[in-house]
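The structures come next, written out as structure tokens.
Shared chain: chain A. Partners: chain B in the first complex, chain C in the second.
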Partner chain A sequence: MTGLEIIIRLDNDRRLYYPGERLTGEFHIESLSLVEPQAIELSALWYTEGQGDEDLAVHHFERFAKDNGSLADARRPRRFSTTLPNSPLSYDGILVRIFWCARVRVFLAGGKEMVAEEPFRLGDVPRVMVATAEEETAP
Partner chain B sequence: MTQVVKRFFGKKRGSRNMRSDKLGGASLGVFFVVFLVLGCVSLAVILSQLTVPNWRANYSFEPTECTVLDTRVAESAGRGRVVYRPEVRIAYMIDGVDHRIWTYDNVAMFIHDEAWCRQAIAAFKPGERRTCWYDPQNPERAIVVRGENWFAWLALVVPLSFLAIGGTGLVLTLLSWGKSTERRAVWARKAAELDPLESIVDVNELFPHVPGHAHLTNSAGTTLRYRLPPASPSWSLWGMLAATVAWNVLVAALVVLDVRRHLAGSGDWALTTILASFVLAGVVLIVGTLRKFAIAAEVGTRILEIDQQPLYPGGRYKLFLSQQCRAPIERCRILLVCDEEVRYLQGTNLRTARQRVVEQVLYCAEKIESETGEAHTALFSFELPSTAMHSFSGSCNHIVWKLIVEGRLRSGREFERAYQLNVYPRAGGRAATTVRAAQSEHA
Partner chain C sequence: MNAAQIDLALPAHNPFSATRVRPGQIPFRFAEGASVGQLTARFQAAGCRGQIVGPHGSGKSTLLATLLEALRARQRRVTVFTLRNHERRLPAWPAWLRVPHTGGPPSIVAIDGYEQLSRWSAWRVVRFCRRNGHGLLVTTHRACKLPLLYATRPELAAILELVTNLLPAGDNHVTPADVEVLFARHAPDVRETLFGLYRLYELRRRGLQRP
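Our next item is the complex of A and B:
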């Protein structure tokens, strides 16, 4: 147990965004111990889940690290803001699902890491309901 | 214990619960270190045993006079077959010391070609005086034939490849060691942005991970604005033709060799039986290829045109079909489909799975026939579903929109051809305007 908790909040508790809108929020670390993070990374990213291997791309990335002096007080709340891209939109298909999230990764001493995510949807593409016969091939 | 078992044997995709970047990175590091070590060792061996001795023999051995004493073709039994090498016995004097050795060239390699060896020693007559080249560091070693051995340099390709793979892999592994997935993804994106082959003004900058449509709009239509290119060219047809030709040429050569052996009385009936099955396979290939060409000829050419590219959910588009009628067509349909296509590793096999999520019949015609061979044409419009997902192209996951022209000839033969469409996210404000502006610039 590290005694750390990562809190991410999107402004107005929004879960649905449209392309071109600003994603804004803040994150902070609640600590019950003296464990000091060495670095913190904030990303706004999308990743895929499903039968295929994972695709992932980072749209917005910030890194605060002790070694470059950008992480003076790890417990201080930090705001983030980025304009969301036009694509890819969130998608809930049969073989592929595309998820968007704000992710905070905290690096602790000794190589340990902690991750927290706050999911949101980009666009309002409805869930795919059709399921027809699947065809599989080996190239 | 349960945690350990779950970590290593749990589901490898989707829930992503077994990822260990450190363990994976360490394993990869070890793998590349092994490559690097193999490369270093094999480079040292090849340099010391082959390349450097070859270079020294050509550029550092000293010439001197020698007397040819004898010649022979040395034999050695290697892997059940006798192998040969030419050898010449020479006598030469270095610093007052008389040396008598069997030698030929620096490689001293045994080969299967006995005739070549006999021809090589025929150039040396016992008693004649010739120039030989001796090693100043070891006068006991001398050769009577010099020349570049390309194999001594070509052999370096193997260790250098190991070194390149091991070295590059190790550097990349060390660079990414301790870095998060997100940070590596940012590096990968920046590296892609530096790619000089990528277009600077690309619509994909506005719509990341949506396929570009330049290749879909570079062919003008006759009735509507764009002629749609087939999603996959007729590679299967030409590939099958190439395979048929290659297979049958190879089999024909083997048949000629086999017939010659039988005529010479040394035929092998077991081999002939195997060859007969190869001939049969060749005939099957020829029939299959001819059948494919016959279907292609019977179906005739087809043109599919559209008034706009790319497409947007909720948009209405015109489509024009021109289908040549060389043979009576029982049924012809145009389908608008959306497929999810994913690739994944199963063990060491790369597999592809496909799932159709949208299938809509846009056009259907039955009993198409033309006495004069005139093309059957149709102009109609369709609407893309307003809730449709846009085209998506990741590394392993894709969402592909296509128009499929499929049908059946009266003879019972079926045909199908797909044409790719690009669907962009729903037009709304700035994004759509910018894309259309970019399109106008292209035009």
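Our next item is the complex of A and C:
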């Protein structure tokens, strides 16, 4: 137990964004202990999930670290903002799915780390449905 | 389509996606009496040479990942080659592997999919490792001349346990009966069974097929 909690909040409560729109929000660390993060990384990224190998790309990245003086107070809320790209759009297919999220990674002393994600959707591609009139037979 | 018409719910993750079931993500379930410690000891007793044998999709790569993690924890330097799509030879050896081993625990060369190498390439790999003092650990569909460490034979009980561990608590999109049917269809290929469960989970999640 590290006693740390990572809180990420997106300004758009519906968590739906369109290409070219600004993704804005803030994150902060809640801590009940004296554990001090050594570095914090914020990224906006997409990754795939499906039956094949995972693909991933980071669209926006910020790092705050003690060693370069950018992490004076780890508990202070930090704003982030980035313009979202045209693609890839969030996609909920059967064989592959594309997820977008804001991810905060906290690095602690001794090589430990914690990660939290706040998912959102880029674009409004409808959920994929199977193009057969009848239900598939089990299983 | 405007935003009011679309489904804004963020989709849940599929517990059978490749990311979650790839080798190294899930623990290998040993047959009664076997353990990673026992296999590591057997590997060392055999002069750091050994093979893991089993049919396609039966857990060889998962076991290899488990063993390599244990070997790395013992300060072994490990180089892994994963062969796919009928690769008949290895890529070039890294420079540091070309230096003969002197003192300390030997480095390990691990080859996942050893049966894909041509006989000539396989012979050269064995000779290279022997000459340079490196250990050699392979997975293969067909038994070769290296000492046998483990033969993978997946059983339904192990798959059921795996599925129980993968599914979030209270999630009944797939049932033990589904696992039984899919494993009977694909046995001994656990990977194909998990692919089947992935697809079934997606269909059920969308309400396209009743449990």
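Worth pointing out:
Rule of thumb we're sticking to: the second predicted complex is superposed on the first by the 128 of 139 C-alpha atoms of A that agree within 3 Å, B and C clash if a C-alpha of one lies under 4 Å from a C-alpha of the other, contacts with A are read in each partner's own complex, and residues count from 1 in each chain.
The rule is short, and it goes like this: a contact is a pair of C-beta atoms (placed from the backbone, for glycine too) under 8 Å apart; a residue touches a chain by one contact, two chains touch by 3 or more.
Owing to the predicted nature of the structure, the values given are computational and were not obtained by experimental measurement.
Taking chain B and chain C in turn and counting the residues of chain A each one touches, the greater count comes from B. Legend: residue contacts after superposition of the two complexes on their common chain; A:Asn86 is shown touching chain B, with no touch to chain C.
By the touch criterion defined above, A:Glu21 reaches neither chain B nor chain C.
Within the superposed three-chain model, A:Asp11 lies out of touch with both chain B and chain C [touch as defined at top]. Once the two complexes are laid over each other on the shared chain, residue contacts for A:Leu45 go to chain B alone; chain C is not touched. Look at A:Glu30: by the touch rule set out above, it reaches neither chain B nor chain C.
Legend: residue contacts after superposition of the two complexes on their common chain; A:Glu54 is shown touching both chain B and chain C.
After overlaying the two complexes on the shared chain, residue contacts for A:Pro119 are found with chain C alone; chain B is out of touch.
Once the two complexes are overlaid on chain A, the chain A residues touched by chain B in the first and by chain C in the second are 49-54, 94, 126, 130, 135-139.
Residues of chain A touching chain B in their complex: 18-20, 41, 43, 45, 48-59, 61, 63, 85-89, 91, 93-96, 98, 103, 105, 107, 111, 113, 123, 125-126, 128, 130-139. Contact residues on chain B toward chain A in their complex (touch as defined above): 13-16, 22, 178, 180-183, 185-186, 189, 206-210, 340-345, 349-359, 387-390, 392, 394-397, 399, 424-426, 428-431. Interface residues of chain A, counted against chain C in their complex, comprise 14-16, 49-54, 92, 94, 97, 99, 119-121, 124, 126-127, 129-130, 135-139. Contact residues on chain C toward chain A in their complex (touch as defined above): 1, 3, 6-8, 10-11, 13-14, 17-19, 174, 178, 181-182, 195-196, 198-200, 202-203, 206, 208-211.
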